[in-house]
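Presented below are the structures under discussion, each in the form of structure tokens.
What follows is chain A paired twice: with chain B in the first complex and chain C in the second.
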Partner chain A sequence: MIAIYAIAKKELQSYFYSPIAYVVMTVFLIITGILFNTTLESFQSEFTPDHEPMEVIYGSSFWITQLILIPTITMRLFSEDKRTGYIEVLLSAPVKDYEVVLGKYFGASIYYIILWLPTWIYVYILFQLTTPDIGPILTGFLGVILIGLFFTSIGLLASALTKNQVISSVICFCIIAIIFSIGKLKEKVENETLSTIFQQVSLLDHSLDFSKGIIDTSYIIYYISVIVLSLFATVRILESRKWS
Partner chain B sequence: MIKVKELTKRFGQVKAVDKINFEVSKGEVVGFLGVNGAGKTTTMRMLNSYLTPTSGSIMINGFCTHKDSLKARMSIGYMPENTPLPQDLRVDEYLRFRSLLKKVKYRNIKKEITTAIDTCLLGDVKHRVIGTISKGYQQRVALSDALLNNPPILILDEPTVGLDPNQIKHIRKVIQEIGKDRTVLLSTHIMQEVESICSRIMIMHQGKLLICDTLQKLKQNMGKNSRLYISSKCDGKSMKAIMENIEGVNTVYFHNKGELQNFTLEINEFSENLQEEIFKCFVENKSILLELKKQQSSLEDIFVKVTNQENGEKTEIQESLN
Partner chain C sequence: MNINLVKSIASFIGAAGLSILFGGILLLSFTNAAGKSVQLHIIFGLILLFIGVGFNSRSIWHYFKSQKGKHLIYAILIMSLHIYIIVCINYISFKNRKRIDYTQTKKFTLSDKTINLIKNKLDQDITLIMNENIHENSLRDLNELINQFKYHSKYIKVKRYHPLKDPNNAAILQRAYSLKPSHLLIVASETKGTSIDKGPLIDKGTKRITWFKTEQAIYNSLLNTINAKRYKIYFISGHGEPSTTSKSRNKPNVTQLVNWLLNENYSVEEINLNKLDKGIPKDCDVLAIINPTRRFQKNEIEIVDQYLRTKNKEGKKGCLFLALGSNYEQNHKGRWDWISTGLEELMIEYGIQFNANMIIEPTLTIKQMGMTSIYLPSNHFGKHPITEPFFHNKVSLALKGSTRSLSPPKQSRNTRRLMGLITSSTESKEIIDLNGFTNSVKKRRLNEYISKIESKNHFISIASTDPKPNSKKRKNLTADDFDPNSAKVIGIGNGLFLNSPISEAARDYFSNSIKWLTLENDLIGTGTDISKKVSFVIPENKEWIYKEIIFYLMPLFWIFFGGIVWWRRKN
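So, the complex of A and B:
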């Protein structure tokens, strides 16, 4: 447990000691700021939209931020250590491989959550202007965190695959893009089972549901399964150095 | 402390390490030599459980690296070559992180870090970011990391590469100091380093362990065909012919250097009798003997000889070593 804590803390420190944390945070806040601004403007227009104000950031436009955030957060986790050779130092310490994987995963996840905290400023502004329904905002935020943790695990897996950070981020970006957009394919295929699978796997509707106030346990089970699977695969990749 | 039996490691078709056996006991500083690609680093990686052997066994401090990997790793302080370190942490933060990983007791962490920092003279830079300090300091940070939690075995892969002469001197002193009550396995290309701090030497070549002996014995064995150097004032050619007839002298090389006539004698075995014989020769011929000394075969000679013998002929690498 101490090892997991130590590695998670070190990862978190690394984010904030390097410019990455601040660059990512700035870009992220600019994007969400623009989204929030346009949302507020649309509410002031004649045709008031029929959705909740935070639904744009936590729901319909959520995929944009995910595509940018997750690869930049996760690309260096293992790739950097593999490139410099630090992975050897790390694994020659008396730690288990899964502790290293979990430590890095928690470090990245905590950083991801920290990134989303400033969006509560928007919620605060909303409360100053009007009386929004807090329920959908909370579930929307829960969705943001859960889906983020889901993709972080995939990003971690991608970074364990290669020494090259660019390749790792591209792999991660592609997987996120596919998972978000695969739902669109359901109308194109005629096979019913395949169409259902595409719909179930796709996350685009999930974030919308969360931001409308719906918590579907099947979603949560799906996320947890993929997270466990990705982390397990990452541990196996680390172990693969020992296979002969 | 370290027991290695029939250790083999294959990477696909390539045998990186081929059935090597050795033991290192407590208080020994062992020099691990070999040309690049000889299998040293692979062996070290197996010792610290980073890689698993294809076959064979390794016991570290009584623990098998396969079954009791964690306990075996607890007993090892490892410093890899090129000292990869996380560039954005501060020195003391990094050492704290490593202490936590190495399961140093919470109340001892501060003490351990202070000792490691003092031993490796890192006091000046302990609050600085690792990426901003010099290579020499980074090297010492890696060494201090290996010293954390007082491991009974230290495995150091080229610890003095890239250091200035003063730092090299200091690091060697530290290693010697550590080696008094602990086991140190030290890989290096610097023969002088091995001669000054190691009590035993292992030479690896093409995955095989060719030599595992004390430096003294090695020199005795390898140095049997040693050389004598003579500087004199005489008639070179006739003296050469005379000396060639002395028993025990194999070959005489003669070279002029102004007024001086210098000889190099290849002899079977060095003895005082032989020295006397040669001296008498000069007296009888009324020649002046200025210098007569034994040329000790250096570790470098031994290294080149051993690795060449194995190859049958000189390879490019060994040519450059010459």
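So, the complex of A and C:
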């Protein structure tokens, strides 16, 4: 446990010691700022939208931020260590492989959560202007965090696959894009079971549900199970260096 | 030939075979039918794969015999086991999932009545066939609603079609269910299908479906499809009532209303009281008298009275929907007098008084923005304790034409009768019980109600029923305090708005009234309150502050913070 904490802390520190963390945060806040400003303007117009105000940031446009954020956050987790050779030092230290994986995962996840915390300033501004339904805002934020943790685990796996950060981020980007867009296939398939599977796997529908104020227990189980699977696969990949 | 080159080519063929095999499996999954093309893909893919493996069998064998190969097999097995466990867990969680609605108004939750029907009363597969040729907003809402239905029952299946994108499929469905472009959904069992029109369900402005109305429409169609009880409504004729079958524009008719009732799983028949030997038929669930223009004879009034007092096979007394027309004649003083139909006196027995002194003058109308007529009540209307609250609110007792008000008689014989107010429009869907025994309570309740509605067309009527026999409560009775088997009457001052063409709001009003009479109370507003749209104006003096925060302060904070970290590390 101490090892996991130490690795997570080191990982988090390394985010904040590198300029990329601040660049990511600034770009992220500019994008969400533009989205929020558009939302404010649309709710002032004659034909106000029917959805909740935070649905744009936490729901319908959420995938945009995820596609940029997650690969940037996770690409360097193992790739950088592999490239510099630091991974050998780390793995020869008296820590277990799974502790290294969990430590890095928690570090990246905490950074991701910190990234989203300032969006509560938007919620505060919203409450200054009107009295929105707090339920969808809270569930929307929960969805943002859960889906973020889900993708972070996939990004970590992608990072463990290669020592090239660019390839790692491209793999991660592709997986996120596929998982977000797979729901579109449900309209194409005739097989209803397959259509249900696509709908269940598609995170675009999930994020919309969360931002509308709906929590589906099966989504949460799905996230947790995929996170566990990804982390387990990452541990096996790290172990594979001992095979030859 | 170089053996390595052959092996490389074989590897390439094997990889190609694997891709073709994968493609075949995908095709099989997507098209749901093992056609010739799919079979060819699979067979050809397998042959190529075997060729690839065959030529490289020795290398593959050696690899898997090595330490690395053994680890790989072990890792693949372990991963497969994990994936299997995770798939099982997800399958179980999907089958037992709970969807929790955290919105204030529970706007994504089906009503208990609907849940009860689809959970407990469905015992056959029902397919909801969705027309996807609708606006994106409506489609998203409809999907959400259908998912709710699916979530509660394994018997609910969904099929989709798009007449433009998939004309072949649409043509097949068209033949099977007489599809029309106006249909939003078909609720179909193996033997029967009921269509739902999109017109009344999709808001023309926002292009979104009205959740509770669509839920109600699906509910009714489900009932129709699974052959649940069909309520029978008899329309009285012979006193100048509008025809239930005529489509003539020149003659008053209620054809649209009747067609709508048929679509909603009601059965409808027209009867003439003079031609009845044994009174109103025993299977009558609701007797509808709409806009008569001639007086009822004494024996006819007795038949109606008898119907209301006698219990039917189910132990339930009669239900009457009475809308009086607009019958006035000028007297010798030049004033307009109401021509009585004879039913007015009978209605006093049930606590409903058609009061000619509270006429809303049709001449006193003004046009609002050139669009909507507002009826200005004459002064004495405003002074009546029940109707006074309407005076300052743009609510009239009927949509069109001259109209009268209703009031409880000052000295009702049975003071325990409920005086109810039923209202309906596209936005209001509730029965307000006006059961206060003092005028001040009635007034307060009306005021509360009026504060909730806006200046839109609302329909008002007085409804009457009895409290439960053992009820000792005399004040503040709720819907549960009333005897469901007692006679129920709804009286409308002027029913001209029920004539074809009927407006959407008038149809909603009629629908809610009929559902109240047939004890389908739960269907009145099956959905939740429609959430108030969020709308605001940013004060000018604050707008720049918000923009500064959003665009400058928040992003620059991190740059500033990063600068400090960099400077501290440098030193």
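The working rule: the second predicted complex is superposed on the first by the 244 of 244 C-alpha atoms of A that agree within 3 Å, B and C clash if a C-alpha of one lies under 4 Å from a C-alpha of the other, contacts with A are read in each partner's own complex, and residues count from 1 in each chain.
To be clear about the criterion, a residue touches a chain if its C-beta (ideal position, glycine included) is under 8 Å from a C-beta of that chain, and two chains touch if they have at least 3 such contacts.
As the structure is a prediction and not an experimental result, all values here were calculated from the model.
Visitor: Looking at the superposed three-chain arrangement on chain A, would you call chain B and chain C a clash or a fit?
Guide: In the superposition, chain B and chain C stay clear of each other.
Visitor: Using the superposition on chain A described above, determine whether A:E88 touches chain B (first), chain C (second), both, or neither.
Guide: Only chain B is touched by A:E88; chain C is not.
Visitor: Return first, second, both or neither, reflecting whether A:K96 touches chain B, chain C, both chains, or no partner chain.
Guide: The answer is first: A:K96 touches chain B but not chain C.
Visitor: Scan A:G143 for contacts with chain B and chain C and give back first, second, both or neither.
Guide: Neither: A:G143 stays clear of chain B and chain C.
Visitor: On the A-aligned overlay, A:R241 touches which partner chain: chain B = first, chain C = second, or both, or neither?
Guide: In the superposition, A:R241 touches chain B alone.
Visitor: Between chain B and chain C, whom does A:G33 touch in the aligned arrangement: first, second, both, or neither?
Guide: A:G33 contacts chain C only, not chain B.
Visitor: Could you say whether A:Y17 touches chain B, chain C, both of them, or neither, answering first, second, both or neither?
Guide: Once the two structures are laid over each other on A, A:Y17 reaches both partners.
Visitor: Have a look at where A:K9 lands relative to chain B and chain C in the superposition and call it first, second, both or neither.
Guide: Touch partner of A:K9: chain B, not chain C.
Visitor: Counting residues of chain A in contact, which comes out ahead: chain B or chain C?
Guide: Comparing touch counts on chain A for chain B and chain C gives C.
Visitor: After superposing the two complexes on chain A, what is the shortest C-alpha distance between chain B and chain C, in Å?
Guide: Value for chain B versus chain C, nearest C-alpha atoms: 6 Å.
Visitor: Pick out the shared contact residues on chain A: the ones touching chain B in one complex and chain C in the other.
Guide: Shared contact residues on chain A (touching chain B in one complex, chain C in the other): 17, 244.
Visitor: Can you check the complex and tell me which residues of chain C touch chain A?
Guide: Answer in residue numbers: 29-33, 67-68, 71-72, 75, 78-79, 82-83, 86, 89-90, 93-94, 96-105, 108, 132, 137, 140, 144, 157-158, 160, 205-206, 208, 531, 533-538, 542, 546-547, 549-551, 554-559, 561-562, 565-566, 569.
Visitor: Mind pulling up the chain A residues that touch chain C in the complex?
Guide: Touching chain C from chain A are residues 16-17, 19, 21-22, 25-26, 29-30, 33, 36-37, 40, 43-44, 47-48, 50, 52-53, 118, 121-122, 125, 128-130, 132-133, 135-136, 138-139, 187-192, 194, 200, 208, 212-218, 221-222, 225-226, 228-229, 232-233, 236, 239-240, 243-244.
Visitor: For chain A, which residues count as touching chain B in their complex?
Guide: Going through chain A, the ones touching chain B are 2-3, 5-7, 9-10, 13-14, 17-18, 81, 84-86, 88-96, 241-242, 244.
Visitor: In their complex, what parts of chain B are in touch with chain A?
Guide: Result: residues 9-11, 45, 48-52, 54, 70-71, 73-74, 76, 78, 80, 82, 84-86, 88-89, 93, 97-98, 100-103, 129, 142, 145 of chain B touch chain A.
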